Amino acid sequence: MDESKLRELLERVQEGKTTASEAVEQLRVLPFEDLGFAKLDHHRALRSGSPEVVYAPGKSVEQLKAIAKRLADTSGSLLITRLERQAYNQLLYELPNLEYDEVARAAFIEAPGTLSHPGVLVLAGGTADLPVAEEAVVTSRVMGSPPQRIYDVGVAGLHRLLDHLEELQQANVVVVVAGMEGALPSVVAGLIAAPVIAVPTSIGYGASFGGIAPLLTMLNSCANGVSVVNIDNGFGAGYIAASINRLAARPD
Amino acid sequence: MDESKLRELLERVQEGKTTASEAVEQLRVLPFEDLGFAKLDHHRALRSGSPEVVYAPGKSVEQLKAIAKRLADTSGSLLITRLERQAYNQLLYELPNLEYDEVARAAFIEAPGTLSHPGVLVLAGGTADLPVAEEAVVTSRVMGSPPQRIYDVGVAGLHRLLDHLEELQQANVVVVVAGMEGALPSVVAGLIAAPVIAVPTSIGYGASFGGIAPLLTMLNSCANGVSVVNIDNGFGAGYIAASINRLAARPD
Amino acid sequence: MDESKLRELLERVQEGKTTASEAVEQLRVLPFEDLGFAKLDHHRALRSGSPEVVYAPGKSVEQLKAIAKRLADTSGSLLITRLERQAYNQLLYELPNLEYDEVARAAFIEAPGTLSHPGVLVLAGGTADLPVAEEAVVTSRVMGSPPQRIYDVGVAGLHRLLDHLEELQQANVVVVVAGMEGALPSVVAGLIAAPVIAVPTSIGYGASFGGIAPLLTMLNSCANGVSVVNIDNGFGAGYIAASINRLAARPD
Amino acid sequence: MDESKLRELLERVQEGKTTASEAVEQLRVLPFEDLGFAKLDHHRALRSGSPEVVYAPGKSVEQLKAIAKRLADTSGSLLITRLERQAYNQLLYELPNLEYDEVARAAFIEAPGTLSHPGVLVLAGGTADLPVAEEAVVTSRVMGSPPQRIYDVGVAGLHRLLDHLEELQQANVVVVVAGMEGALPSVVAGLIAAPVIAVPTSIGYGASFGGIAPLLTMLNSCANGVSVVNIDNGFGAGYIAASINRLAARPD
Amino acid sequence: MDESKLRELLERVQEGKTTASEAVEQLRVLPFEDLGFAKLDHHRALRSGSPEVVYAPGKSVEQLKAIAKRLADTSGSLLITRLERQAYNQLLYELPNLEYDEVARAAFIEAPGTLSHPGVLVLAGGTADLPVAEEAVVTSRVMGSPPQRIYDVGVAGLHRLLDHLEELQQANVVVVVAGMEGALPSVVAGLIAAPVIAVPTSIGYGASFGGIAPLLTMLNSCANGVSVVNIDNGFGAGYIAASINRLAARPD
Amino acid sequence: MDESKLRELLERVQEGKTTASEAVEQLRVLPFEDLGFAKLDHHRALRSGSPEVVYAPGKSVEQLKAIAKRLADTSGSLLITRLERQAYNQLLYELPNLEYDEVARAAFIEAPGTLSHPGVLVLAGGTADLPVAEEAVVTSRVMGSPPQRIYDVGVAGLHRLLDHLEELQQANVVVVVAGMEGALPSVVAGLIAAPVIAVPTSIGYGASFGGIAPLLTMLNSCANGVSVVNIDNGFGAGYIAASINRLAARPD
Amino acid sequence: MDESKLRELLERVQEGKTTASEAVEQLRVLPFEDLGFAKLDHHRALRSGSPEVVYAPGKSVEQLKAIAKRLADTSGSLLITRLERQAYNQLLYELPNLEYDEVARAAFIEAPGTLSHPGVLVLAGGTADLPVAEEAVVTSRVMGSPPQRIYDVGVAGLHRLLDHLEELQQANVVVVVAGMEGALPSVVAGLIAAPVIAVPTSIGYGASFGGIAPLLTMLNSCANGVSVVNIDNGFGAGYIAASINRLAARPD
Amino acid sequence: MDESKLRELLERVQEGKTTASEAVEQLRVLPFEDLGFAKLDHHRALRSGSPEVVYAPGKSVEQLKAIAKRLADTSGSLLITRLERQAYNQLLYELPNLEYDEVARAAFIEAPGTLSHPGVLVLAGGTADLPVAEEAVVTSRVMGSPPQRIYDVGVAGLHRLLDHLEELQQANVVVVVAGMEGALPSVVAGLIAAPVIAVPTSIGYGASFGGIAPLLTMLNSCANGVSVVNIDNGFGAGYIAASINRLAARPD
């Protein structure tokens, strides 16, 4: 029951055409969703700043076109993750303001007038981790928190990491992307007070088991302040980082 | 917003004390649950025949007393699973009509006047599987489908199983409890047309891995009609079997 | 010993050419299968409504042709799962009434005159889960229970699910197909009284482990009434759903 | 090299007793830590609001006494996790203002004058999850963010969860503790915009595998905004929640 | 249908009271088991030399007494595995000729007059593996193939193993029991032509994972002729070894 | 030290050119291998009937040519497993009497005059398991025990299996190849007294985990007499079966 | 703060332009890295003999060119692992003295004048393990310890291994590369006193699980002196072997 | 054939009682072990400095007494690991010079006159890791390389680790013991040039999985020079460290 139908019913009560009792009966048997979820959706509107998100794998270009067009119409911002360049090229016809990040394999539309809040920092160890790190960067950027990047730091070369101590300690939230043994988030969390979002990557071989090794390392971190997202889930980490950074940025 | 409050609001509209527009506003900001979930709960009432269920492990006797008493007051039937005899003895003071099944380690109150529908059959291989099988039996019984039992049948002694071919083929639904290699459900499903609910047990040693071996066996069954519940989950199997049997029994 | 030989023996007894004692001796040493399994097969005939089923992977087109032709001759209905379109095209020469479902990757012949019983509902979360869901749909349909579909519902957007509460609560049995975290069956089972057949899919990445994550989620469901089939086993779920629905539908 | 020694060296340069070149040499070969880590520790002091934390298992009461006393002297607040009541009783002699939370099995001293910022919400499903949830509560509280609690909500009974929609949508950060299938964080994250810290618990049996099932569920969450900590790690979740909430609360 | 009933039917045919056709009809609908399994059981009798076997864990002393007594009456030999000494003492009242092997934790009755065939050899590495090795010894012995033992040989001390090359090469079948890395069966199989039955044990710690490490080692053996039984399954290995040795020993 | 050098040394002793003491010294410091391993190799010669075996994957055609030619020269029989047809064609130039089995993907030369002993039986469930089953057949055949085959039997269709009860019970050793749930060996072992060699295959999907499911099923078999080889290891099973059958066949 | 700046500051103190107190203040707030890590890098210079190492997978040829050129300029030696021949050919234009090892898939530049110390021995079982073994050989060679090789030895043919006992017992450190069951390191370590570096390979099939089987075997070795590196990590083993051999070789 | 028999044979040749040819024949058929393994044992004697080692778990005090006494008689040094204090007390009667280390749970006799070589360093993170670290210390000490200890350092508090940079960089070999996420070895190996022996411990909870998490972390170390031993295997690490340190110390 959308609002107009509800209003109509109440006007009929107001006009005496329907008794209060009859209206109660009608409201009671209304399909659940018609009453309650106006409220649900209303609250969802609070999520300003979050883009509509589409996970591309497993969807045909036709499906992607349809979904992306509908979302882009209703929302200011849009993010399509794990999208191949070739598919992007085809989407571009429909959505000419759709941008593409080659490394992150992500397409996006930033809502015009989105405020940019600094405070998110994205760290990554090796070049092979960059696609995941950049997915976090793009996601956080589309959500209004364009991150600072520190790449090519690792636990086996502490001096490169410590060179960035200042920036680390000034961030509101730090995303740490690491494959192989995945020890970087623990070291970082030991140096700072802000929350660390750890992203294990599937980079590695042998007993890395497609990212299980760094995932376990991160879950068992002896440093305080580390929480973990799925293997290779740069999007998830960027999303959380931006939603945390929003808390620090808001006027309150 | 319970019905009385809703009625009051509508009467105020009827009486012209509140305009339709004001009422729409008020309804829109009503706490979600006050409107919608009357319906949700109403539908839950459809679940007649299902007992209130309490999983005992991790709850103190005091907690169990409080929960059981509250549930027994609002519902005709009650089932407490994985309950030690000692705890049962203490619950008995509060709930004098609470019965106890030693093998299944389950306490229960059957709703008076529950109709009993035959059609559920529970099979088990070894004596060690009996607690799980009996948990299925008690659960199904409390739900109005007291099962027939066939125990001490296994794939390594086919003649004992085939002796019961007649009963197997007459059941509406068959619960098969098996540990070790867990092959019994496949063999049974190959002999009958009714759905088979397979319950792996943690009985076994070595590469049984606490029930993983029979769980995988059952999930990979080459026979049609086998679905699986958690390791040692006799309750779950009994619950599903009774809810399936109810379909066969209902007048409609 | 086929019937003709048995008849011959008995006629010799009748004619006095063989004594009863000699016949007992001969029957006792008869190969097992000759006597007993007539009965087995007879009982198998009870399974009317179930199609002959062929799992295509690992079989050459020639093998498929031979098998499918033989089965189609002896049985009214036929289902070939996981069949590529290209192989279907070749089978079509031999079996001109063989239909094909592109999404489910299944070919089938429905037995003429099969009664259709409503009551099966198939739910799926994402577009990527559709092949599995459609395999369940085709299977259940061929077995006489064409399902209703509800797609694009997920636990992260409850309002879309609750929009369908009515249909959910009217089904006899619900198949829920879900990948990633696989939480949908628990939420659905919490809303309805009918049995839920949960199908984990291999959709997802990282710690999804090819479907292990949703499989474990479903096996550990805290909601009553959920049983589980193998990862991506849409066929199995559809088969079970139809065999349960048959119980509700039968005149009895 | 502490500051006094550095000052002494520089004074000798000032007084002409040591040349600049000699001083450079001496500074170059100084043990690394004497120079650099003043800064490291200085930055650590930024972590005001974070208590000193001791993980009790594997430490004797004597060891705990020594560690706790030293930490309590240098820091305003102290938290000892997984501490048995009996050990607490003995620590009380040394640290008379040490408080104890029976359910969380945690002892703590709150720094006097700590400001309390609302905004953290802790959800848990079953009574068996309470020790983990309460560990999160105590941790967050000692860090200046005493959480609001919502217990006894689960995915199989959505109406109980939706009853708290208002509070959920007002929190800065939500800790969700869940065992068995661990689907609650996904459902919660689908309803709100704030970050969700998911804590899998080892509650369950069979294919729960000591918490692996809910851990995987949470890592694979299809809802945005969920990050995960180790199984049963209520402390970690509380720590992260408080450090996120601090961002929302700070004046800046 | 037992023999008397079958005879009765045939006599009625003989006497002309029943026609051959009627008898065929009656035989065709006879319960499966009544006809067929006389033959099944008859074939089982071929298994002379195999004892009746009872796996003790999970059975009460009362249950064990009942089962053992029944089996001992119908069979010449009996083997009860994983039996505690205390339970044995109680069984001794009922079965005074029941013997007990302390190390193997097995009780047994050897059929009088059983022929003893040499040819089975049991190897074990460490003292900790002896209970499993001795279970194999007792089992094979009760089945008429008392094994020769070679203990305290391991891959890290090849000379001790090679000291027994002669005996190794004369055996018909060799059981090799090994924990930790489980490499002994490969080395042994490389030295001999006879089949090797490998038994992984749960001896070890850390990454031994309760016997998974030696189990995988044995399954991946690069030496020809190695087959594997379950972790700690000394009984199974002894059973197979004896049944293989029987082939070598039989007059045929 | 080859024999000629040893002879020379002894002749020098005989001739008085070297004292016995000097010879003892010289023999004591001889490289280990020169003395001892003549014996090792001598014993290896006992393995008559076993072919030289080459595992083709990971070897270039050139490497295969070199190895195969050398082995074929020194040994009567040869077996190359997992060999692609294309590589076989190239080997054929060098080894014109090399035969090829398309299904087993194995090339072989049977030693002329090898005696053939019946007694090995190979069972397989589905067509997809045939490559593994045929690898067992070829191996056993090259070793002098050409097996009888029974294919297309499975636990979900017991009657097809029981049709072959006679043959099953007459075999000396039975190889059972099965994928998916892998229950067939247990059922077979329950029907016969001979040893069963179980071969899990990687056929299946989802929770089959590339053959882990049937592997665990077989290791946990509740039937006596089942030992297991690696997943898809048809060669290993055929090798063991033939070496067991040899025991039954030998004149002794 | 590099040395020149530090010197300048101290000179200003010396000249009375800055007081000691002011200098202390300035030093205390210097960025961490400016002071401390001169020392860190100085110590790194101790690592003479170790090449700069680049892991090629996941890097584009352009990236490899840039990295390799920079490293080759600053360091005498260079090692690029897992490099395809095609990429090597392109690097050759920039680095004309870059050599390539086809089997090891490694490119390298040896520092001119590197001393060569014998003492490292590399063992491997099958031809399929050679790429990993050769990676260890190349790595150790570039680090100044060109290894001796013993290939084609395995636990199933002890005599071939024992033929090399002399060389085994003279090595300073032995790298043992093995797939399948991975038992070779245990046997080797039982024969020698030197440390053994074990490298599991992903060679094998079925329950080898991509190298997990030999990895577990090696971790559980019952022989003393075995430590393990990641699956297929020939580089790591060669690196460690050379760094151990360096200890034996150094004049000290 | 022991030396006396060999001598006797040669003397008979010398005396002309046996021809050279006859002696060759006799030597050729001598049992393998009689000739060859004198050499094996002789080489074993090279292992001076290594103690005889007994792993206590699973052995009775009586067995331990017998083994320890025999070993102590034939060897200068002895090490018994994982020995309970109570058992030690009983062994003390037989071996009065047996010492005991309470933390390491190890008893030992140091060979008199063993030279002590510095150069081994043992690091550990938390107090809970000390038993494993001390087992490494005791083992290395008994082997002549008493280690220096650095405890209470971890990756979450880098400054404590970097305080010991000097000692770290001077060690010949470093044993790093770590539980939870196990990242310490990577950080240490990044700071030094010497080999690092990493020991994962079973300390931790939840997704630590009894030490699997740190084990995987260590195997996947991105730092060069890390090899790994079994979970909790302090003995193994100490043994390897001492055998490496011996190389650095030997005069050679």
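Note that the chains take the letters A, B, C, D, E, F, G and H in the order they are written out, and that residue 1 is the start of every chain.
We take it that a residue touches a chain if its C-beta (ideal position, glycine included) is under 8 Å from a C-beta of that chain, and two chains touch if they have at least 3 such contacts.
Remember, it's a predicted structure, so these values are computed and weren't measured experimentally.
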Q: Please give the intersection of the contact partners of chain A with those of chain G.
A: D, H
Q: Moving only to chains each one touches, count the minimum steps from chain E until you reach chain H.
A: 1
Q: Look at interface A-G and say which pair in F-H, A-H or E-H is its repeat, using the rule that over half of the contact pairs are identical by residue number.
A: E-H
Q | Winner on C-beta contact pairs when F-H is weighed against B-F | A | B-F
**Q.** Per Cα centroids, the chain farthest from chain C
**A.** H
Q. Which whole number of Å gives the spacing of the CA centres of chain B and chain E?
A. 40
Q | Whole-Å gap between the CA centroids of chain C and chain D | A | 51
Q) When the centre of a chain is set as the mean of its C-alpha atoms, what distance in Å lies between chain E and chain F? A) 24
Q.
Residues touching two or more other chains, restricted to chain D: which are they?
A. 32, 36-37, 39-40, 126, 158, 162, 165, 191, 206-208, 212, 215, 219-220, 224, 230-231
Q.
Which pairs of chains touch each other in this structure?
A. A-B, A-C, A-D, A-G, A-H, B-C, B-D, B-E, B-F, C-D, C-E, C-F, D-G, D-H, E-F, E-G, E-H, F-G, F-H, G-H
Q) Given the complex with chain D, which residues does chain A contribute to the contact? A) 39-40, 43, 46-47, 50, 53, 165, 169, 172-173, 191-195, 197, 215, 219-220, 224-231, 236-237, 239-240, 243-245, 247-248, 250, 252
Q. Can you list the chain F residues touching chain B in their complex?
A. 125-126, 154-158, 162, 180-183, 186-187, 189-191, 204, 206-209, 212-214, 216-224
Q: Would you mind writing out the residues of chain D in touch with chain G in their complex?
A: 3, 6-7, 10-11, 13-14, 16, 19-21, 23-24, 27-28, 32, 35-40
Q | Contacting residues of chain F [partner chain G, same complex] | A | 31-33, 36-37, 40-41, 57-59, 63, 200, 202, 210-212, 215, 230-233
Q: Using the touch rule from the top, collect the residues of chain G that touch chain F in their complex.
A: 126-128, 158-159, 162-163, 165-166, 203, 205-208
